[in-house]
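The first chain written gets the first letter, and so on, giving A, B, C and D; residue counts start at 1 in each chain.
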Amino acid sequence: MLFERHAPDEDCHPGGGAKVIRLGVIGYGYWGPNMVRNFSEVDGCEVVAVSDFRDDRVALAKSRCPGIRTTSDTDELIRDDEIDAVVIASPVSTHFSLSKQALENGKHVLVEKPMTKTASESEELLHLAEEKERILLVDHTFVYTGAVRKIKEIIDSGQLGELYYYDSMRVNLGLLQQDVDVLWDLAVHDIAILKYLLKAEARAVSATGASHVGGGMENVAYLTLFFDDSFIAHLNVNWLAPVKVRKCLVGGDQKMIVYDDLEPSEKIKVYDKGVTFDGSEQARYETRVGYRSGDMWAPQLDRTEALRREARHFIECIERNEEPMTSGREGLSVVKTLEAASMSMRQRGRLVEL
Amino acid sequence: MLFERHAPDEDCHPGGGAKVIRLGVIGYGYWGPNMVRNFSEVDGCEVVAVSDFRDDRVALAKSRCPGIRTTSDTDELIRDDEIDAVVIASPVSTHFSLSKQALENGKHVLVEKPMTKTASESEELLHLAEEKERILLVDHTFVYTGAVRKIKEIIDSGQLGELYYYDSMRVNLGLLQQDVDVLWDLAVHDIAILKYLLKAEARAVSATGASHVGGGMENVAYLTLFFDDSFIAHLNVNWLAPVKVRKCLVGGDQKMIVYDDLEPSEKIKVYDKGVTFDGSEQARYETRVGYRSGDMWAPQLDRTEALRREARHFIECIERNEEPMTSGREGLSVVKTLEAASMSMRQRGRLVEL
Amino acid sequence: MLFERHAPDEDCHPGGGAKVIRLGVIGYGYWGPNMVRNFSEVDGCEVVAVSDFRDDRVALAKSRCPGIRTTSDTDELIRDDEIDAVVIASPVSTHFSLSKQALENGKHVLVEKPMTKTASESEELLHLAEEKERILLVDHTFVYTGAVRKIKEIIDSGQLGELYYYDSMRVNLGLLQQDVDVLWDLAVHDIAILKYLLKAEARAVSATGASHVGGGMENVAYLTLFFDDSFIAHLNVNWLAPVKVRKCLVGGDQKMIVYDDLEPSEKIKVYDKGVTFDGSEQARYETRVGYRSGDMWAPQLDRTEALRREARHFIECIERNEEPMTSGREGLSVVKTLEAASMSMRQRGRLVEL
Amino acid sequence: MLFERHAPDEDCHPGGGAKVIRLGVIGYGYWGPNMVRNFSEVDGCEVVAVSDFRDDRVALAKSRCPGIRTTSDTDELIRDDEIDAVVIASPVSTHFSLSKQALENGKHVLVEKPMTKTASESEELLHLAEEKERILLVDHTFVYTGAVRKIKEIIDSGQLGELYYYDSMRVNLGLLQQDVDVLWDLAVHDIAILKYLLKAEARAVSATGASHVGGGMENVAYLTLFFDDSFIAHLNVNWLAPVKVRKCLVGGDQKMIVYDDLEPSEKIKVYDKGVTFDGSEQARYETRVGYRSGDMWAPQLDRTEALRREARHFIECIERNEEPMTSGREGLSVVKTLEAASMSMRQRGRLVEL
């Protein structure tokens, strides 16, 4: 068993004297402990408080992190003058009010994805952050992974040629949320990734889906994004799949990428493949096309944990007063796309312009 | 190398005295030789003639099958009184006129998929076959595979419980056709499979897609089929993918299937998995759902070549004057769905009722 | 990213009032923190001290586990009267002296694998534990995994029929040890698993290997174990492989198992496959054999972390004064096999009787 | 189904006027038809006769290849003055006598692997071929694959650095032979590949194995080959495995190769990985080693069928009177290694010098 384990995580350093920015983490459920662990390792900050409205989670935080103040009173945490920034790792429906309160109290905010439940709420937060001159970072975690950053590097280098499509499948069993449907929970990742990878903005969306369990929230959804040119993006998200899949194809006229996030090492494979369309009558009858097939290449990826990089980025943006890569601006744009997709899905695929 | 090879195929038996039904094969391109080879092995029939308008293909057929008459004059083959049935393995655009001519000349017809380029053509053929009392079989090959037949057996046994979704990805590089787009070339398989697996009929369709090469034919397409209840089907087809994928998920509330047609042996995996939706407030906040996870089971499949089984079925339907599993009726229904999907795709996802 | 993470580990509970057995953990390198974490979650015990001779590891332990005493003085820990049991997670060369000292001080001992560097040392510890009436458990972790326990259950049920072979490949890149060679580091796992799975004892061993880096320690090794009957076991271990493989075949005359420890969910696959040997002259010439091929089945496995189960087992054995599943007896037997294998390897495959 | 099929094989062209070398194929069982098919497509030769002592195989050959003479009298074929060369695709036990007879009758010979059942027989054939000035090619098919040729190219370029090991697993279910054991049937491939890849010769061998079915022939075997330096080769062959594996690792100090012959497209993967051994005391205690991990690269392979290339090579060697890549010399060397391995296996791993 010796080699199967990862190095033990370092959970909760109460921090040293050099730390300047003092953080409070709201929500100690699934994602909160990861936030505490990662910010504890980042220079220039210190996690000083954790809140959760559930007593057992507060107790857990207390036992794991003896040096950190724990509370079930989120209000108190948000109003605490000693706290410079808050991390909001609570359910989506609470993102807006907690972020708003925090900004109004002069805190910098890192909020989980999706930013809010409506675009107007996101807009309000965005303006509030500008007005208060606070940093607002939305936790689009994948943008901070070595894999997605490598894909951007490859696209930007022009190797893929003209981009044709982005086709993602993100399915697994379980973890249904009552708070949001599968689009807002899983498709949000790909929408944020697309925003990061592409210069162009999606112009319209067509979505379909179905709800099979629970209170009408879709657990299966399919989303097509249209752009100005023939580039097309498609997302397949599903909470009721028997196997876990995290696979994405990015096609270009020169090369193509297969991105499999579940591969332990070769997550990104670049294929030197393409087609040559021969419009001749003979080709037509024979239904054949020329195609080239060259080498495949799997670049080495930076293995820094995405959340570590994101935490560092948040602290740096605060220190330098710079806009984050995944700022409220990106958060708003993603929420707008999700709103349009939801509207389309309710009308079974009707095109909704963005 | 000894074990890597398949048993040598037996290509072109000129046949023995017991054979009764005399066949002509039209088109000796990609699929035609497989038709010749398979019908040559089926009892009760004899391949007597092969036609192709291309001289080199006629020469190839001649050299491979010295005992079979070869010709570049398809008309002559269709009018030949000695021929009882024709197999039409020519481009889609020729399916209607060749099938019509064959039926008018009293031949039974096996025509490649899709049946025709329009529903009205399919309808005309269907009526003509009934009028002439000839067998009309559409080559929905997958319906004859051990894998798809096993899936139907599992669904019919009720093991999956209530069906939730059918989600298929069928992508690869190359083999673009100018004759039809990717929906008519690849999605046709899944539409035929769905028709075979389900008792219910799709009620509406929403499709999106894009064309990147050649003359405007879509090479990437996404298709959602809606049914009376919450069951949903989704097809992802692509001619420009860097890797070949033939994967399909079938979800039910009791069990779920993963069907991977590229797996050499375990093509069908049945997962005893599902979710239990706990609508409690606690579950809501914790974003957790109960899920059960039991054994997985990969049933042994009948490995008879699908085309062999289909060929035998065609001959038996002729002998017994019975309607084929994939008759003109199924062919027409599939073409209607494709027509609706094309219409939806041209309007970027607009719902088209069936 | 939400679904990619495991639930946060609970690292270092200082424990509650009900805990009776007081533990000290020696060595806070790679495996030690996992020991601390797991014993912290087990009822009936309490981790009270951690030692490591390296100051930085002591500091790390201190920061992570504020409630636990930390020291660089292992002697002091071993002599501490308040401590009932020690966990030895230090290099192999220290196992003997530390275990001996601990037993002499009346402690129960859980020692990492391999138990010691020589069989005579293991024997001495075994006798000492008996004399002192202390529990001695050797950390053959795989024996506590859901996968290996399921394999034993399947073998014991007789489903596989007569056992033919056990064939394991356990290779990866890195983690070379100067302390022991690859046999003592990796093959030890399979030898312990075999001991657990089989009633029979290996009678002889032939091993080969090679050393390519460092000071003469083999980094590649191959080991064959012979038994009284025709059952045969083979282990392939390698520290310089470009990919990580943890795959094992277990063949019987009725069914066969593929055990892939890197599979996220279906680690165990049971194949209903076998051969029928037809000794006829015809079969001889045709080089064909009848073989049957039935369903494949992947049983659901208990996902409890192996080390958690082992920790619980250690505590229970102490409480009930029972011999552990992986006691000093098993530890000694494994070391004897390793000694014989090393002797065989030095003589390039010469058979060494056990 | 359209894209799932391979292009139809072209089985048995009776050939044209330009063909000069006239071939007879002895044995129309498993491999013979592939020989007929491939030589039929090679310029400069013509398959004129096929023999098999079994009437049903003769009948099959007759029906498939109407233009080729078929006979159950192998003697007659061998003595036929019109025949220039014979292909011997019959059981191993017949290789020697048939090859000898053919060479004595002045025929060039292509004989399946392994060349003969003993080294002395191979030696006799080798001398006879030299004496008669005839080409003698042994069918070491893998040497003619795009994959193995690419591995040689990579090794020769020096990219892998100093070679460490070759580790092959070649297992599957079925196709037991009574004629030879699994070493002579499967390990023969790797021994031939090694001979082709390396300049160095193996110096000694240690083999183990077991027989579980039939008349004492081993169906599981493990073979280690030692060389002058620390390079080591290991082969794992098994006829009773539940799954088919054809995987080989080639390790060097600079790069390493994974060769998976069952991968449809990326058969060869080159990993830029290695270790740096840090002999420091700290590293020793921490059991850590530096390792580098760079890109992975899967070169495009020539997809020409190996047997096609081999057939062409045989004809060219005859035309130019050149020694084949896999001549009797290589055949003899492979048989010598197999003989030594068998001797070692009978003595359970005893080292046998070569």
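We adopt the following convention: a contact is a pair of C-beta atoms (placed from the backbone, for glycine too) under 8 Å apart; a residue touches a chain by one contact, two chains touch by 3 or more.
Since this is a predicted model, take the numbers as computed values, not measurements.
Hopping across touching chains, the smallest step count from chain B to chain D is 1. In this assembly, D is the chain whose CA centroid lies farthest from the centroid of chain A. More C-beta pairs in contact connect the chains of C-D than those of the other pair, out of C-D and A-C.
Centroids of chain A and chain D (each the mean of its C-alpha atoms) stand 51 Å apart. Computed from the mean C-alpha positions, the centre of chain A lies at a distance of 39 Å from the centre of chain C.
Contact with two or more other chains is made by residues 30, 175, 243, 265, 293 of chain C.
Here chain B touches chain C in the complex through residues 265-266, 272, 293-300, going by the rule given at the top.
Put simply, chain C touches chain A in their complex at residues 1-5, 7-14, 30-31, 33-34, 37, 60, 63-64, 66-67, 141-142, 145, 172, 175, 185, 189, 243-244, 246, 261-262, 264-265, 306-307.
On chain C, the positions that touch chain D within their shared complex are 29-30, 54, 91, 164-165, 167, 169, 171, 173-179, 204, 206, 208-215, 220, 222, 224, 226, 230-232, 234, 236, 238-243, 249, 251, 253, 256-258, 269, 271, 273-275, 277, 279, 283-289, 291, 293, 344, 347-351.
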